[in-house]
Structure formats: C-alpha cells, structure tokens
Amino acid sequence: MVYGAALIAQALRDLGVQVLFGLPGLPVIDIAQEAMNLGINFISFRNEQAAVLAASAYGYLTARPGVVVCVGGPGVLNTMAGIPHAAANAWPILILAGSAETHNANKAAFQEMDAINLVSPHCKLALRPPYPHMIPDFIRDAYRAAFFGRPGPTFVDLPANLILGTFKELDGGKAKRLRRIEEVPRGMADQVGVRRAVEALMGAKSPLVVVGKGAAYGRAEGPIREFVERTRIPFLPTPMGKGILPDSSPLNISAARSTALKHADVVLLLGARLNWILSFGLPPKWAPNVKIIQVDLSADELGKNGHDPSLSLLGDVGLVCEQLLQALSGGWQYDAAQKGKYWQALKETKGRNEAKARKKAESSKVPMTYEHAFQIIKKEVDSFRRRRMGMLCM
Amino acid sequence: MVYGAALIAQALRDLGVQVLFGLPGLPVIDIAQEAMNLGINFISFRNEQAAVLAASAYGYLTARPGVVVCVGGPGVLNTMAGIPHAAANAWPILILAGSAETHNANKAAFQEMDAINLVSPHCKLALRPPYPHMIPDFIRDAYRAAFFGRPGPTFVDLPANLILGTFKELDGGKAKRLRRIEEVPRGMADQVGVRRAVEALMGAKSPLVVVGKGAAYGRAEGPIREFVERTRIPFLPTPMGKGILPDSSPLNISAARSTALKHADVVLLLGARLNWILSFGLPPKWAPNVKIIQVDLSADELGKNGHDPSLSLLGDVGLVCEQLLQALSGGWQYDAAQKGKYWQALKETKGRNEAKARKKAESSKVPMTYEHAFQIIKKEVDSFRRRRMGMLCM
Amino acid sequence: MVYGAALIAQALRDLGVQVLFGLPGLPVIDIAQEAMNLGINFISFRNEQAAVLAASAYGYLTARPGVVVCVGGPGVLNTMAGIPHAAANAWPILILAGSAETHNANKAAFQEMDAINLVSPHCKLALRPPYPHMIPDFIRDAYRAAFFGRPGPTFVDLPANLILGTFKELDGGKAKRLRRIEEVPRGMADQVGVRRAVEALMGAKSPLVVVGKGAAYGRAEGPIREFVERTRIPFLPTPMGKGILPDSSPLNISAARSTALKHADVVLLLGARLNWILSFGLPPKWAPNVKIIQVDLSADELGKNGHDPSLSLLGDVGLVCEQLLQALSGGWQYDAAQKGKYWQALKETKGRNEAKARKKAESSKVPMTYEHAFQIIKKEVDSFRRRRMGMLCM
Amino acid sequence: MVYGAALIAQALRDLGVQVLFGLPGLPVIDIAQEAMNLGINFISFRNEQAAVLAASAYGYLTARPGVVVCVGGPGVLNTMAGIPHAAANAWPILILAGSAETHNANKAAFQEMDAINLVSPHCKLALRPPYPHMIPDFIRDAYRAAFFGRPGPTFVDLPANLILGTFKELDGGKAKRLRRIEEVPRGMADQVGVRRAVEALMGAKSPLVVVGKGAAYGRAEGPIREFVERTRIPFLPTPMGKGILPDSSPLNISAARSTALKHADVVLLLGARLNWILSFGLPPKWAPNVKIIQVDLSADELGKNGHDPSLSLLGDVGLVCEQLLQALSGGWQYDAAQKGKYWQALKETKGRNEAKARKKAESSKVPMTYEHAFQIIKKEVDSFRRRRMGMLCM
C-alpha cells in the first residue's frame, strides 16, 4: 500500500530535491510532512507569493529547480506573482499544487479551479497525473523540463484524492523509483561561428565583454575569468551578472558604463538579454554599427532587436568561452597601445565617476546620499566578515 | 492640451468613482495624483495582491466596481491573486494597469509583459486603448462590463506613453466627458415560471429558503425579509449571506443546518451557488428528490449539478422576490401545523446545538475553544458599539 | 457492463439530441455508431470545419445545441474554425471530441493535444470527465451551458479509453439516465424600465424598430409582429433578422436604411448587436443624440459603444415585447401625421431605391448585375415552390 | 510617402521570401499584390486551412519559414487548423493576418477578433505592430523566431489601417530595409557527452540508428550517410525520416522494425521524438534497459518518457553526427561477427517480411491489397522517371 503524499515526497527525494518552499494547507500539508520525514527541508511562508519568489532565487543560485508546494485555487493564484517572472528570467522552478478531488470536478468544489489552464501559457510544462502510478513520472518530467534547455517554471497539479489516497496497485505495492538527473545537456557553438566571432573580436578597435546573469546561472566564471584575463578586453557586468568577475579588476568598467556602450564596436554578450537594462543594444546608447556576438543557450535571443545574428553563438556560456579560448590559443591580446582613445576614454570616465562616488560616499550631508548609506553598510559587512570568516560565504 | 493621467482620472470621476485602490509607481503614480486632485480617495497598499482583494470587497459591498491602479509587469502579476477570485465570486472590479511604452513594444522593455494576454481568460473584458482619445471610452466600457450582468473583473492596459503624454488633438483640446451610469439593467423572471415556483413552494412539506451572497450584492434584503415574514418558511444564510435577514429570527435555522438540508423537499435558493459550501445540493447532505427553485441573475447557474432547472427563475433576486410576493398575494403561509415533523426536528436540533455552543462559549478550558474566544470578542464589540453608536455602521 | 460509446450516445438521446454532425474516426466512430443505433441521425462531413459550421446553423435555427463529434488533435483544431464564431454569434453548439488514452498522457501519444486548454478561452464550458460514471453528467452540463443564458459553444473531451472501454461499476451496471431539458430559463425586463422605454417611444418624433438575429433565435416573431402592427413604427431587419417580419410590409424600410438610421431619434433594438453591420450605432450613420432602447438577454450588450444604457431592457426579446405591448395597452400608435418629414423621407427614399433595384433587376446588360441574377433565381424558386408546395418549408 | 502594404511586401522581399501562401481578401489583398509586384510568387487557396498546411510543408522542406497571408477573424480561425500542428512538428511558418482598423477597436468591427490572444499560446511569437514604422522590425522578428531554435509558428497581426494607410514619417519617407538572415545559429554537443555516446555505441551488442524528420529538416544527410556507412550500424527511418538514407541500403531494417526495436540495446536517435510513432521508446515494444542517445536541437526532448538523458546530445543533428564521426575516427565499425544473434534476427525477419510484401504486391486478388496498388503506382513512377530524368528530382 502506498500513500499518495509519500509517493510524491519519495519522487522529490529520488530527484535529489533538498529544500521545499511553500505554505502548507489542505491537501498538500501531508506532502510537506512526508518530505520532511525523508530529510527534505521544508521552508514555510505566509504567502505563496513569497514562496515562489524564494524558490526562484534558489533555482537561480543552485541551477536546479526550486520546488514549491501550495494549495489549489487561491494558493495557485498567489504563485502567479512569480511564475511569469521565472519564465521571463529563465529561473527553474517546479510548483506542486493541490487541487479539488477528481470526483468533484465541475461541481464547484472547495478551491476548485483549472490550474492547468491558468498556468499553461506561462509554464514550460503543466501536467495533472490521471492515475497515482503516473505521479513519479509526471513529477520527474516537470522537474526535468524546469532546468533543461532554457530554464523556467513548470507545474504539477495534484488532485486531493491522489495526495491523500492510499493505493495498492502501484507496481506490486512499491512506488516507482526515479533516477536522479545528474546534469543538464549543454551545447557548444558551431566551430565556424566561433572562428568568425574570434576574428571579429581580434579586428575590433573598441571591444567590450558584457557579462549577464545567464553566465552566473551557467557557472561560467572559470572560463570567463580566463578569457578576460588573457584577452585584456574591458568588461561590464549587468546588475545580476556581478560577482562572476571581480569588481576590483582594472578591466571592470562599470563606472564608465555609458562611455563603454557608446563606443564599443564589437561586444561579446555573455548570457545577457538585450533588454531595457542594456538599453536594447540600440542607439542612442549603443554605437549604431556595433557588432554583437551574443552567446546564449536560447537561439530565440540571438538577433534580438534587429541585431545581425550572424556573429552570434548558440550554446552554454561556459563551453562557448572555452571554445573561444581555444580558438584564441595563439595568445592574442587586446592591445593597450591599439586601444588608444577608447581605452583612454574608459579610464578617464571611470576615474572621474569613481571619484564622484567616493565623494558622495563620504559626504555626511542631510539628507543622506545612497552612496553614504551604502558605505556605512559596506564597512559593517566587511568588519563582520573579517571577524566571522566564512559565515557569509555561500 | 490634455495630460494622459488627467484624462484617465477625469474619466473615473465622471463615472462616479470615489475610491481608488493601488500601489503607485511608474507610470501610474500620476493617475493616482490626478485622481486625488479631483477628490477621489486613493488608498495605498504595499502589495497589489492586497489592493485587488480590498477593491473586490469594496465592489461587493457597494455594488459598483472597485477600481485598482497598478504598475505593469510585476504589479499586474500580483493582481492575479485577486482577478480569478473576483471572476468566481462575481465581484465587480476594474484594474487600470500601466505598461511599457508602445514604441518599445517587443524590445524587452521595462516591465514589458502582454497583460491583455495574461488576464483575458479571467476577465469579462480586457482592453488596451490604441490612441489617447479612446481612453475614456475604453475605461467606461470596462467599468460598465464589471457590474453589468454577472459582475466580475475587467482590465484596462495603459501604456506609459498614453499616461504620461500630453496630447493636443483630443476633441479640440478637451477630453471627452463620460455620462455616469446610474443603474445596472435588472431582469425579472418569466411569469409562468414564477407561478410554477409558487405552486411548488405552496405544495412543499418541508420548504427552506437559502440566502446567498448574491442576495446581499443585489440589495434584496427588503423583499426577502417580507417574503420570509409573510410565508414563515425557515431560512438558512450562507456564510456571506448572513446579515440579510436577522440572525435572531426564530425562522433562522443556521444552528440546524444539516437537519434542514437533509429534510427540505423544496428549496428556494436566493443568489447562492450550489457549490461545496452548500454540499453541491446533492445527497447525502441533501434529500435525493429535493426540488430547487434557483433564483439567479446568471442562467449558467440554473440547473447546476444536475438539478432540474425547470423550477428555476432567471433574474435579479430582489425583483424576483417581489414577483413571488405578488404571486403569493392571496396570503399563503407555511402552515405551522402542517410543518409537523420537519419543523419539530429543526427546532429540536437548533435548540440542542445552540445549547452546546453556549456551553462551549462559556467554558474556560485550556486550550481555549473557538466559541469562547468569539464570545469574548463579541462582548467587547457589543460594549464598544453601545458606547460609540454609529461608529461601526457602514 | 456498459460500453463507453453507448453511454455517451444514451446521454445524447436522453437530452433529446436528434442529429449529430461530424467526421467519424478513431476513437469517436463508435459514438456515431451507437448514436445511430438509438435513432439519432449522423450527418457526416469531410472536414470538421464544415461540421462545426453546420452544427452552428442547426443550433441557431432550432435554438437547441448543434452537436458535433470529432477526433482529437487535428479534428479539434479543425473545429476551431467554428468555435469562436459560435461564441461571437451566440450559437449553441456542443463539441464531443475524442482524445488520447488517459494512460498515455504526456507521452506524445497519437493525436495527443490538450484540447481543454485550446478551446477553454473560446467556450462557455470545456470539460474532460475523469471517470466513466461522470460522462452523462458532464455531457448534460455542457449541453445545458450551450443554450442557457447567452448561447455559445461548449466542449467535452473524451479520452479514447473512456469511449472504447467497458465498465462494470456504473450504478450497478446501468448508465445514469438524464432528464431532458424542456426549456431554457427566460427573463423579463424590470417594469420600471419598460415604462421608461414606452414613454421614450411615445415621445419620439422619428422612431425605428431594428430587428436582429437574437429576435429570430428567441422565436419572438409573434410579439414583434403584433408590436409593429399595433404601433405602426417603421422597422429595419438586419441581414439575419430578415424573415421575422414580412419583407413586404409597408413598414419595412430596408430600402431606405441609411435615411432611417440617420434620422431616427428613438430606436428599439430587438436582439441586435451595435456592431459594424449597424455602423456601431454611432455618427455619422446614426443621429448623434439618438436614444437606443436595447433589448437583449445579455446585459453585456447594453450600453455598447457608449450608448446610455438607462433605457435598455434586459430580457428575452419575446417576453420583453409582450411587456411593451402590455404597457402600451392604451392603444398608442405612431401618428402618421406627426411622422411628417421623417416618414415622408423614408417613403421617398424607399420608393426611389426600390425603383432603382427593379431597373437593375430587369437590365440584361453584360456583365450581369447582382440584382438580375437574383431575380432569375427568385423566379425559379417561386415557381418551384408553387409546384411543390411545402417542399421548401422549414 | 510609403504605402503600408508595400512596406510589408518589401520587408518580406528583404528577408528573402520567395513564395506567399494565402487567401486574399480585405485588407490583405494589397499585400499579395505588392508582393507579386516585387517578384514574390503568391499561391492562392480556397481555404486558409489549406494555405497554412501548404506553408508548413514548404517550411519543412526548405528550412525557411513558409509565409501565409490571410484576412482577420474567420481567416485567422481557419489557420488555427495548422498553427498547433506547426508547433508540435517544429515547422517554421509565419502568418501575416489582417485585422480590424485600430480606431474601431472594441466596437465590434468587421471581423474584429483579438488574434494575438487566440494564437499566442500556440505560437513562438505573436505580435501586433503599434505604428507603421515598426512593421519591418516586427515582421523580421517573427520571421526569425519561426526558424531560430526549435522551429515553429509565428504571427503578425496587421490592422487594416496599417496595411492600407499611406505614411510619410517613415525614416524620411523611406521604409527601413531589412538584412537578410543568411543562416540559423546551430549548436554542437558537449565533447564530454560525445565521447560518452561513442563509448556506449562501441560497447553495444545490438545498436540501432533511428532517423527522424528532424534530421531531414536539418539537412544532415551527408554526415548521417557517412556515419552509417562507416559504422555499419543498422538503421530505421521514421515515416518522415525516409529519404535521408537510401531505402535500398542493406542496413535499412524497416522491414524488421519490431525486431529491431525489441532487441536494440543502444539506440542513436537522430532528430526523432519518442512519440507514439516510436512506441514512446518504452516496453513492450522496446527493450526495458535500452540506452538511448537522443540527438536533438531541443533540450526539452532529451530524457522524454523517463529515459536517462545522460547519454543524450544537444545540438544540430548534422553537426553532432560530424562530432560522432570525428570521435570515431579510429575507424571503429560495428562487427558483423559480434552482431551475432541480433543481426541474424534482423536479417531473417527482414527477408521474411519483404517476401511477404512482395507476394502481396504481386497478388491480383480482389479486393486489391495496398501493396499491389502501391506496386502499380511505383512502376508507373519509375518508368516516368526513366523517361523524364530529373523532372521529379527534388
């Protein structure tokens, strides 16, 4: 005899899920309980809105789906605050939602709502297992879909009778066990394209590397760091691309962002979308004839906003950076002398802006500047870190 | 010259909107400001989720649309926590949401999201005005749709350039002024059906009136009270149908709910859905051959869960109750003697259950019972009301 | 033991379905066969597109749902050519579609497609019965929803295993029998509104009756005919409103359509939408200050395109016309003398346009005019009808 | 001054579109006319259903989007017969549909329907340009999205006023010209995965290559042919994968399909989905412990139906086959001797089935067998081909 909630929890455990986010209630509370029995941490929230956003952050940081458990009807509606976010930002999450008993379908049952209909347009996969023995397969498929290819949200609707029922016909009384998915399939770029991209970079007068959150998600810090160090091309992180390369690098031209975008003639865009944060990659913020080498695992991003996709590279950011490094193996480096005006302009703007920021940071004028507030916090954090080394590391 | 936000605020004012719910932000903050300039109260929230639920309550209580103002993208996503609720519960709300500038469409602009696509399946009407001069018409249509017929949510998507732009070609510089919608069209039932229903009631051995929230929304308390007083049929309010008839009435058999549902042979269902709260109107909670006279403004509710719709009455609850009263004008009354066993059973159960509840209410056992907690609160509220008469009236 | 297809066919038979439209194929061919065994006519088509349009016409003409049977996947996709039409035009249809076996869900089975997701935004109700014993209830609910309230399309998805399976647990081996739905609930207008409308009509200088297809659907020809005959108000049928009143009536001012719309000051709109066919009810085709008394069973139509809904009447066209007749019982008639210029203008334009049309009809110029072609056909039809009286009657 | 229809036609021309499929009507007839003026072939249909299916075939065969032009409302509804097919089968199509004038939005205009809402859940991208100057960009984006990444349907909604209007402010009177998209980004598999796959193949006792339509779409015939010739692994084409490798090859074991699937221990699946055509890749048709090396450009296919994705390869079928060839460069070949029982079983079954088919083909029994009919046709075709060499080549 197999209890539905136990079957669900076991499926999650088999897949390697370590944390569940959610708000327990009828009928999903037993899923949470069974999951905890199997050693899965359950993090409880007061609103499914927060749970789904936390799971999204977890999915982004760990590159494995953040799993949410919630009740049907209003619970699912509250998760809608996060589902399309996860879709837009390529965050892997899996939502397991309770729903009305199958035998009460179409009767206006407690919290009855067709969640599949609601979430389908926003999810990579949204499923409702028709029979208990299909639960593990459906959970695995939704879990897999959440982080295979372009990551995003997936959903499994679990009628109360499947969660709370006890079933005997499951493969002779034993639930199907799932294989853990050890890694996601990753792709590399076409070699012809890699050579073309390298030639464009080597021919650039004012090249720029832009590092986006896709690079962070893809754990591409190793090859990117090596690429930047070897080529000496200045780089710019997007807000969520920060941390992949050290802020303190002399090649980091965050403080001369506008100047860099305006003058760059060839941009290597690593896992970043050409959205409003990057001014769409369009004039007046970008040079009109800029060539963009987009590196992305989603072909749909390549050529965005009218850019010529012929230089772009489809593939995992880390693997493609390794391909670029190999193609550059002769040891080419962006020439400081050749950099001329571009590099000079970047350095000057950077110096000027950093000085301005420092001044503001030290100013004790009222009202307080952002920079000053931030400096106070930073000092505290630094001192705390020194005292308790390792505590904040993650 | 007309400012978009002012045009929007004026449209709301013309329609008689007195309160706006929302969370101001770019680009809708100016709508809130202009609305306040015109004397509209703006009630600010920390999360659009709360704003839309508050507006739903306002819509339910006032029978005019509760209007929400929110930003696009995440703001709209947060309102999804309330939109399908309003659809399910027939609460009139109108959501005015900002969105990305038209000229940045499809570029991945700030908070760009196709809100119309998102909310359409859940709204009675979801519109995006293509030109500024069409804004007032679109707001009026969405406002009207929210409370005409079966109430529900409607939505107007307002691109930032329409809100923040200044336009000169609007009817010679003056915005179009809207006519206030003084009342909603209400329908009555077919007279043949009314006679049929009255005959069924008069022939009933164990009749019951169930009063739902549709009766409250329809402000049907006058005719319902007269109907119950004249016919002496016992009644049962649903949780949200409470308050239409006095709890203290001897005909109120809330305390004998199960007994009433189980034995009633003819039920007059006033503005209540046969959903889980009413055990679907089905056995084992209801008698297998019960006849149900559903009174509802939505024909789609009539015949729900397999009930014979031939006794049901399509129309406004208040108007239909007046029709019933007129058809009963001979002065028929449910006969106490005839009530026999049914009435006896109701009274006994009611007495027993009320005694039980009283006992629990007075018990000071630990842990505290719900009933005791509620009694303490009730005493405080009553005393407060006595001291400050009128303060809590609404 | 009950065979799924037989259960489905019996449900249709019990509901009074006499004709099935469709294209048989796996797995729905057995439904067609079982339906024929029960005396239901099956009309077979080469493309589901045609089947759904034929069923829509049947639904419109009979005021009971036209029922379509089709295969899943491509079959359902083909019906999409008709579903939103039925929704827009308020035609009652019910689509019964096969689908992949439940146990192959999410495996990319033969013609697997989530039809519920596809059609839900366009249907009044779209359901998939989870268990065989729920099939009759689901079919009845979808059938009922198709013609209760504002008619439209509904849909039942039937997995192959439910159609082709043989089940023993159905109520002791016998399928649940459904009650036939004898009539749809119809509503009348608020009496206050009726009086207001009658006053507006009586005070009109240039009144007009517009008869739409809603009047035909509602079988309102009796009361409308009496209303027009008694009031002597000129009338205009929409293209699908033709036939409710005799074309030959002297009050029919179709031939002076533009003049009538331009000058009418009070329009009684019977079951017609203010759409492009009626030039939206707006200037320049309509008078700027025209008062429109919309009579419609859907409150959502009332006040369309900015018209003041305060004169409009919610209800069944036939019942409301009876209310109007009763309110006019004093015997008021639109005064020929008072008609003055309006009536004169209508008559003149009508005479002029009819003469023009007659001339074109008789012209044997090449290329042939529409009018001439139509006259030839008309003569043939008339002669045929004389010879075989009754053959074409319907 | 730029005419909208000309602008649209020019955009198509710039993108290299050579054929338009459709059914001309208001307001898209001018697009067809302008396209023909620019040398684009317009192929006219009687039903949009057929047009969209033809365009899908064209898209599949040419690997560039098949472009459809149709009217709004019913025209778009008819295309729904093909849109989800294109989505399911990864066929690149772009639908350009007319729609009601922007200034008549929400008035119930001629054929007014929110096509974006209708098609969005089924399209990779569905857009409506808000201004004329954005038309070329929107068409390019939809065109690009149709064949970048996993191919599929895209949609551009063109309001009548944008098609039929004449605009002066377009970049100084000249329409923006688009760059032709010469090629789509293609990806290769991770080298680690390639080595893992090659090891699995080399260790197989009974390997099998399955060739699907994705291999045909990807023009992978060169590398696949080389791969099969060099490795001597038997192969099986899916129905739409036929033609990539010669049917006459001794390694083609189509005639022993069931035997092959049942015994294969390692399957290299080239651009084929594990759907019903391949019995889901599951027992009883497939061996329970089969290892599947899926090669697909869509990561979402990898691991379908519970298969271990750890051997699967993400990338363009052709490029991945080249990677496999390179990894096999040592010259490994599937050993005939080693093949033992597997190869013997395949050959025997193949021989037996081919003999059976030949016998049926020659039988002149009545009713005629499929095989006989097909043989007659084949002879005619072969003779025709001999006489007119090249005529049927494609």
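To keep things simple, chains are lettered A, B, C and D as they appear, and every chain counts its residues starting from 1.
By our rule, a residue touches a chain if its C-beta (ideal position, glycine included) is under 8 Å from a C-beta of that chain, and two chains touch if they have at least 3 such contacts.
Protein names from UniProt, one per chain: A, B, C, D = Putative 2-hydroxyacyl-CoA lyase.
Only a predicted model underlies this, so the values are computations on that prediction, with no experimental measurement involved.
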- request: State the pair with the higher C-beta contact count; candidates are A-D and A-C.
  value: A-D
- prompt: Which one of the chains is farthest from chain D, going by Cα centres?
  reply: B
Gap in Å, rounded to a whole number, between the CA centres of chain B and chain A: 41
Centre-of-Cα separation between chain D and chain A, whole angstrom: 30
Field: Centre-to-centre distance between chain C and chain A (centres being mean Cα positions), rounded to whole Å
entry: 51
Query: Which residues does chain A have that touch at least 2 chains other than itself?
result: 117, 120-121, 137, 141
Message: With touch defined as at the start, can you tell me which chain A residues reach chain C in the complex?
response: 102-103, 105-106, 114, 116-117, 120, 127, 129-131, 134, 137-138, 141
- request: Please give the residue numbers of chain A that touch chain B in the complex, ascending.
  value: 47, 49, 74, 77-78, 80-85, 88, 104, 107-110, 112-113, 117-118, 121-122, 273-276, 280, 282, 304-305
Field: Sites on chain A touched by chain D in the complex
entry: 120-121, 124, 137, 140-141, 144-145, 148-149, 179, 181-191, 193, 298-300, 302-303, 306, 308-310, 312-316, 319
